[in-house]
């Protein structure tokens, strides 16, 4: 039986479509790990292509078929090949892959040096047009921030809280998630840890008190480190504090190259 | 034209259904406000009835019709009437209304006494069976907690963070959300505020440092206050800290009457 | 007592900050309503300014103070004034206000013509630089989509599902949310409704079957209507289907002016 | 240096605490897989113990230490051992482990028989008191439901949508997630699939049209199958439809043993 291919017929309004595809697909993957080679995790994927004005629809099942060809071997080294196959199978001029995944690192407590696993939320946003791949690598890093104003006005104590740093970069050379995480953690009052014994808790508490940071200080310190790395030619850094003295958050953001702010990224919220 | 009423036909498996209805319906409402009489807000509703074993389906549109009859007049004083109408219109033996809504209070900063609006997430869970209404009233209250262990082991400073207290009660008499909020806020190291000028920030920082609380202390302190109110015959209190030194949270919970813990409430997560 | 103003001291790294301020603040507001004049709802606000390289920090409490001056009178007509006050009070060159809120419309069922309230998620993203205001107005519109491919290959039936259309525009003249909602709903297989009696359900079912739409058709149809409105000089339209035959979603997006796709808006996910 | 152990001192209010511990900790795990033996995934953990009235606090770091002892070997077969260690290390009378994780199964498209990975959200809720372990095993299963009313009143077509079935059981014998998934999928109008070619889409569309199901039918059909399994002595089944004709959801729930509904599980929402 021959079934009609509605997708290949012409559409009513002949307008080209920027991105069409599948969203929120979870899939087990392996990603590059500086210490262990590869790390098993679970990715949440968005896969898109463009669609020229004369085709009514894309063929959604082919996105999954391409992903299936790489089963168990989806990591940063073959993202470009995945995008090439997507472009080819979908007859497209551009292909896009976005993947968000939890990433785990062994982290030692600072004094007792007990190892445990710390989780970060990482992401890769990759696009392939004509023949050039564009890759944005990023990660969300929980940190501790202690308020310089609170410390300076108070006889004792200072409010502090968990903050989340989001850093995303474009780089001329391969860059490890571990490098971004280290730059982010060292820009805050203190890293956070999965496991702290009492001597560690003393160390972290005192270190944060000696090292107060506003969200403004955090994004500036991190931007400064990123600007020193000559391979990185684009970045955004954001810091968001779950303020311990408020019900709302404090937020700061720097983009490089320095440019006018646009509201558009807030649409997807 | 007479359209068939499939819902009223018998089902394949004649099993009674505990709850059937509509979920995640948003609707503008007015709720009782101790200071202002009524407060306009937006509720997210779940509305259910039971369904006897001999009917295939309930009539979903009637839930909305009942809600529409109370338009602009949905508040705690007429929940019982809404439930009575639901029971009657749906020919049910029991009816359930759950509503979650942001609730705002004027709150003065502690030193400069500037008023602003503070938001709380409140909820009412109401059930009407034979002729008795059962009402659970609750609210989520953001607070500041400062760690007693961190304070005691450190030369200076102490880690602190935003925590969320969830308190839910059954009471013989009407109780204001404001009363629950006051009991919750006074059980933490400090309340949080929408607006703090420097003298306020100094006050809150120092007060929290003088008043360290674990999540365990928070739930015990709040349970103690609730036990003193003889009108309250059932409660649960939970405290969850977004720990500033960890990426995960600290949590404690007390239920009264004291009873064995059951996993079942974790299903809906 | 004079407390130090740490924020006004110079920072370690003298890098300008694009946006700094407060995030996720909920506040009751009134917004313009074409039928009723004003509508009470609850907004979730982000408020930012830029920060020049020579100041260490912004003054977070002033954001709330400015908002408080407009209490009960926050709507689209005075966003520009709010931004002007933010710029002035914070000594900034730019100010940004983002607000997300549920918006309710009376909607009649298509045959029985019973009115009830339908909820949409609306947003306004406003920026004020030198002397020009930039306003993006948008809304998320739930709709019904019926698959043209499924209909054409099947003897009977066709899979359909709830989809969400997100439309955001910049316009030379004032535009009502109601206009965007109407354009979005008429681009799908059918609008969705809060209340449908059996004759309405028959009508909606049959109308959707007669009017199959891919996500690609939805964004093209809506883009076509937006292009016809000569006041609208910028837009993005997105359609996302919670596919009834898959566990993942189908997605399409058109931006105007037609431009190269950038990954950057996916960072905030 | 000897640091004080504040946790072991007596609290102000001597009230026993039901559950205290850590929440929302992500950790890579391996779970039992009927086809492959073990499956690597990422778990989100809550770990709690009780706390007697005479201790001020629990020792949070020990939860992580116990988890670390089982690193790479966390699966259902050793949950009891984890709980025993938690009880012992924390000197508690009860210990609780809750873990939520994505679970993947190979699934063939129904006609073309192409394999791909389908994701389910699974969970295990385990408690150890005196010497008895209590285990609730559950999973969320996306399915397709087609409305019997819409089909019966319409000349052609019928509205259908993605629904989510949540099933949770207590069983005398070990039960596979795969068994729960099969029972859930066969209770809906059709399973959903990650990949469907045109002949598959025709099959699924027509099969769902021939097999209409309300949420009420879904929970009854699944309850019937669970009641037939004599090993299962407790269950809850829920079905929630993202109705394609509404902006809100339809919901039904059955609990066994049949008992009075309580509002309490709605507190954690």
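For reference, chains read A, B, C and D in written order, and residue numbers begin at 1 within each chain.
To be clear about the criterion, a residue touches a chain if its C-beta (ideal position, glycine included) is under 8 Å from a C-beta of that chain, and two chains touch if they have at least 3 such contacts.
This one's a predicted model, so the numbers in the text were calculated from it and none came from an experiment.
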item: Chains touching both subunit C and subunit D, listed by label; value: A, B
item: Which of A-B and A-D has more C-beta pairs touching across its chains; value: A-B
item: Between subunit C and subunit A, distance of the C-alpha-averaged centres to the nearest whole Å; value: 24
item: Subunit A and subunit D, separation of their C-alpha mean positions in angstrom; value: 28
item: Whole-Å gap between the CA centroids of subunit A and subunit B; value: 34
item: Residues within subunit B bordering two or more other chains; value: 3, 25-26, 119, 149, 153, 194, 196, 198-199, 202, 246-248
item: Residues of subunit B touching subunit C in the complex; value: 1, 3, 5, 25-28, 39-42, 61, 64-65, 68, 71, 102, 104, 114-117, 119, 194-199, 202
item: Residues on subunit B engaged by subunit A in the complex (per definition of touch); value: 118-119, 142, 144, 146-147, 149-150, 153-162, 190, 192-194, 196, 198-199, 201-202, 204-206, 208-209, 242-248
item: Touching residues (chain side subunit B, partner subunit D) in the complex; value: 3-4, 6-7, 11-13, 15-26, 46, 48, 50-51, 56-58, 60, 94, 96, 98, 100, 123, 125-127, 129, 134, 136, 138, 148-149, 152-153, 166, 168, 214-217, 219-221, 223-224, 236, 240, 246-255, 258, 260-261, 263-269
